[in-house]
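Sharing a structure, written as structure tokens. Questions coming.
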Amino acid sequence: MSDATTLLVVKDLATTFQTPSGPLPAVGGVSFTLKENETLGIVGESGSGKTVLSRTIMGLQPRRNVEVTGSVLLNGFEVVGASEEAKRAIWGLEVAMVFQDPMTSLNPVMRIGKQIDEILRVRLKMDRHAAKARAIELLELVGIPSPAERYGVFPGELSGGMRQRVVIATALAGSPKLLMADEPTTGLDVTIQAQILNLLQSVKDQMSMSVVLVTHDLGVVATRTSRIIVMYAGRIVEMGTTRDVFARHRMPYTRALLEGSPKVSNPSHTRLLAIPGRPPNLLDLPQGCAFAPRCSFATDICRKERPELEPSFEDGHAFACWNPLPVSQGVPA
Amino acid sequence: MLIGIVFIISVGAFYLIHLLPGDPAAVILGTGDSPQNRARLFKELGLNKPILEQYFVWIKNVLHGNLGTSFISQTSVWSTIKSALPIDVEIIVLSQILAFAVAIPTAMVSARKPDGWLDRLLGATSFTLLSIPSFVVIVLLVLFIAIKLGVPHTGVSSYVSLGQDWVVNLESLALPSFTLALGSFVVYYRVLRSDLIATLQEEYITMARSKGISQRRIMWRHAFRPSSVALLGTAGVNIGGLLAGGFIVQYLLSIPGLGYTLIQSIGLSDYLVVQGIVLVVSVGVILINFAFDLIINIVDPRISRE
Amino acid sequence: MFWICVGWIALNIVGAIFANVLPLQNPLFQNYASVNAGPSLHHLFGTDDLGRDIFARVVYGSRVSIEVSLGAMLIGFGLGAPLGMLAAYRRGKFDSILTAVMYVFLAFPAIIATIAVLSFWTPRSLLKIIVVVGIASVPLVYRVIRSATMNFASRDFVIAAKVQGATDRRILIKELLPNIAPVGVSFLLIGIATVVTLEGALAFLGLSVNPPTPSWGNMINESLSILQINPWLAIFPSLAMCLFLLSLNFIGDRLRAHFEVSEAKL
């Protein structure tokens, strides 16, 4: 793994929305790297900035009232500050996105085949027959039964799980090197969720892509990622290999997340520990650690000064906390 | 439903005469009142028979394509309508092509940057145009283009049929078509603009953007179709209104379409022609609305599924 | 801009009411010595083909537009609004039958019906025009008010009032009316603008008030035959009508924005 080439370098990336009530720092200075063929998990509660982060990495943030600073180097291409025209060259072919809600991310009045083969026809200049044949292949690849007939249906004629498969097929059409999957299973039934995640895993292996898997559910990333980033209030609070984050996490927020996510190994009726309090208002962030108001370990320094992300002794493991948990406190994955 | 409405309209058109004060026979005959005509009227409609029976006699004739024969011009009402209707259709088709050709691109320009200077300019323009009635537009156009500038074949009574000389025909219909196009443009622009702005916020537009396709393609292929439902509904109502209100532009220029014929017949008190035109136009309006409902179902498959 | 528009409408109304006490020339006085004269100090807007002062006629002409539109809206709202509110509040058979009847009337092209009735109902008078246009507007008012009332009829505050034993009349007037008023007022402005336009269209065909009474539409109609000689007779009443409509539309637009009434509801 360590000798694989680096695909993505994110450095000090910050995304600030200009809102009527003032600047809103949705992502507040994030740095990490991603290697080829690696799967990275980004975990956090809703509102932690993970969706904005995944869109900003692609350069897909809204076009107005947004300020992005820092650097995103995607396979040698600097995304931050690039024009829409320049970014179009990498969208679809270098990097593609699987959107969160398949009920809203497919065009309701466009046949699904047309949505899939659009990249093939427009970007790869394939002729109509070749594009159609390839789109049907992709439908088959994502596990849609009788793909040739489904080519001509509208999204409304498909179930949520089937629609998400179509969204994945669309993202795969341009054979991207990096696939951003933003909460790809949120709107789906639990049984379908596992199918979609397994599908993502298998297409990743077949097409040798890197994947960024964004989710609020640590259970989702446990077995499917090699590394994990935990986000809170727009910043990374802990990152490391999946094993380290699960077994040797140091940040109280990570533990709260872990305790909040259901595990198959738990006896049934185990009470889920929801994290007390609410995520902070990004328009009015506390002076110190953003998690301090909800943290049972918080001390005076936590409320006064924000902890920086500091490396732990393990390779690549880092956390931002003044009062880290002792290593032995970790819950084994 | 459709048949029910047509039925009720036929009742309305027939009994219109009985709602009015005075002798129905005198109203129907109008200025064509003569003993021969009176005898023929009683024979055709049986005015001395019960009123219900009169209606059935009349509707049976109508269903056989017989709207009666004018007591004034002594020509069949149906043939009068048949020769006038194509002119209305031509003016409406020309005006709609023009209105859509301008409204769609301008609405897209506006929706791309809402509240940008171009959007504000177009908004103010459309708002001003909204307040100018079409009869004022046609009067001013005739005044400045036909009279002051003296552009040939645009003035009063210069209508030439399509079969006679199609170039002159188009020239003679230019001002009325433009007038109707202007009114339609304003409505279409406003409806499409607001729907496009809403559509462009949708997640599937971001998804289309993430495919790396051009802004133009996103507008035309992804945003336009889901935004056009209200536009089509409005167009159906509007085109029906143009058919019913066609007299406005035809009257001034003496273009012998249905609207002009209607006004002429009203002036002559030619009741049967008025009744026939009311019936044909009403049914036409309903058919146009029905056709647009069908188109909407094709354009947006969500609607028929609901 | 909003207040300029309000001021302009107010000026028109004041002009219409006090036309006979204002220092205007007699709108019916024919002066054959100055026929089809252009604008001058003596005749601000010039004179028509019978030597009548166009400025005086435009001011007097606003009377017809204002009378017809207010009168017609009085009938339209007087019948349509209570029926619409009652239908939306009661629902049931009353609502379904009434709504079905109204939709049948809506399917009938109103302008054709208006023209047909007015052309055979002679002799014409201002009152007949008001009655015909007013009745034609009833289904439109009914539809708008009914759907606006429906939005509120099942809200909690109405149910709360019912539980407290308020009478239907009290609920309709005290609870529902204030809530649908913004929609009603917005539609009233659109209705007035539509009727002013319709009067113009009727006059254009010679179906409005009988000459020599001036109305904006009548003046435009009279100008048609002499467009070449005297364009002023067409331009000034057109301008008066357009500015009046523009002001109405602008006020309506601002009110809709203020009360958050969507254009699609009207």
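Chains here go by letter, A, B and C, matching the order in which they are written, and residues are numbered from 1 within each.
We take it that contacts are C-beta pairs under 8 Å (C-beta built on N, C-alpha and C of every residue); 3 or more make two chains touch, one makes a residue touch a chain.
Being a predicted model, the structure only gives us computed values, none of them experimental.
Chains joined by the most contact pairs: B-C.
Chain centroids computed from C-alpha atoms place B closest to the centre of all protein C-alpha atoms shown.
Chain geometry summary: the mean Cα position of subunit A and that of subunit B are 54 Å apart. One inter-chain figure worth recording: subunit A and subunit C are separated by 58 Å, centre to centre, where each centre is the mean of the chain's CA atoms.
Measuring from the averaged C-alpha position of subunit B to that of subunit C gives a distance of 22 Å.
Across the complex, subunit B is touched by residues 104, 107-109, 111-113, 115-117, 119-121, 193, 197, 200-201, 204-205, 207, 220, 223-224, 227-228, 231, 234-235, 238, 241-242, 245-246, 248-250, 253, 263-264 of subunit C.
Of all residues in subunit A, those touching subunit B in their complex are 58, 60, 84, 87-93, 96-97, 99-101, 104-110, 118-119, 122-123, 154, 156-157, 167, 170, 174. Listed in rising order, the residues of subunit B touching subunit A in the complex are 202-204, 206-215, 217, 221-222, 225-226, 299-302, 305. Considering their complex, residues 5, 8-9, 12, 16-17, 19-21, 27, 127-128, 130-133, 135-136, 139-140, 142-143, 147, 190, 194, 230, 240-241, 243-245, 247-248, 251-252, 262-263, 266, 269, 271, 274, 277-278, 281-282, 285-286 of subunit B touch subunit C.
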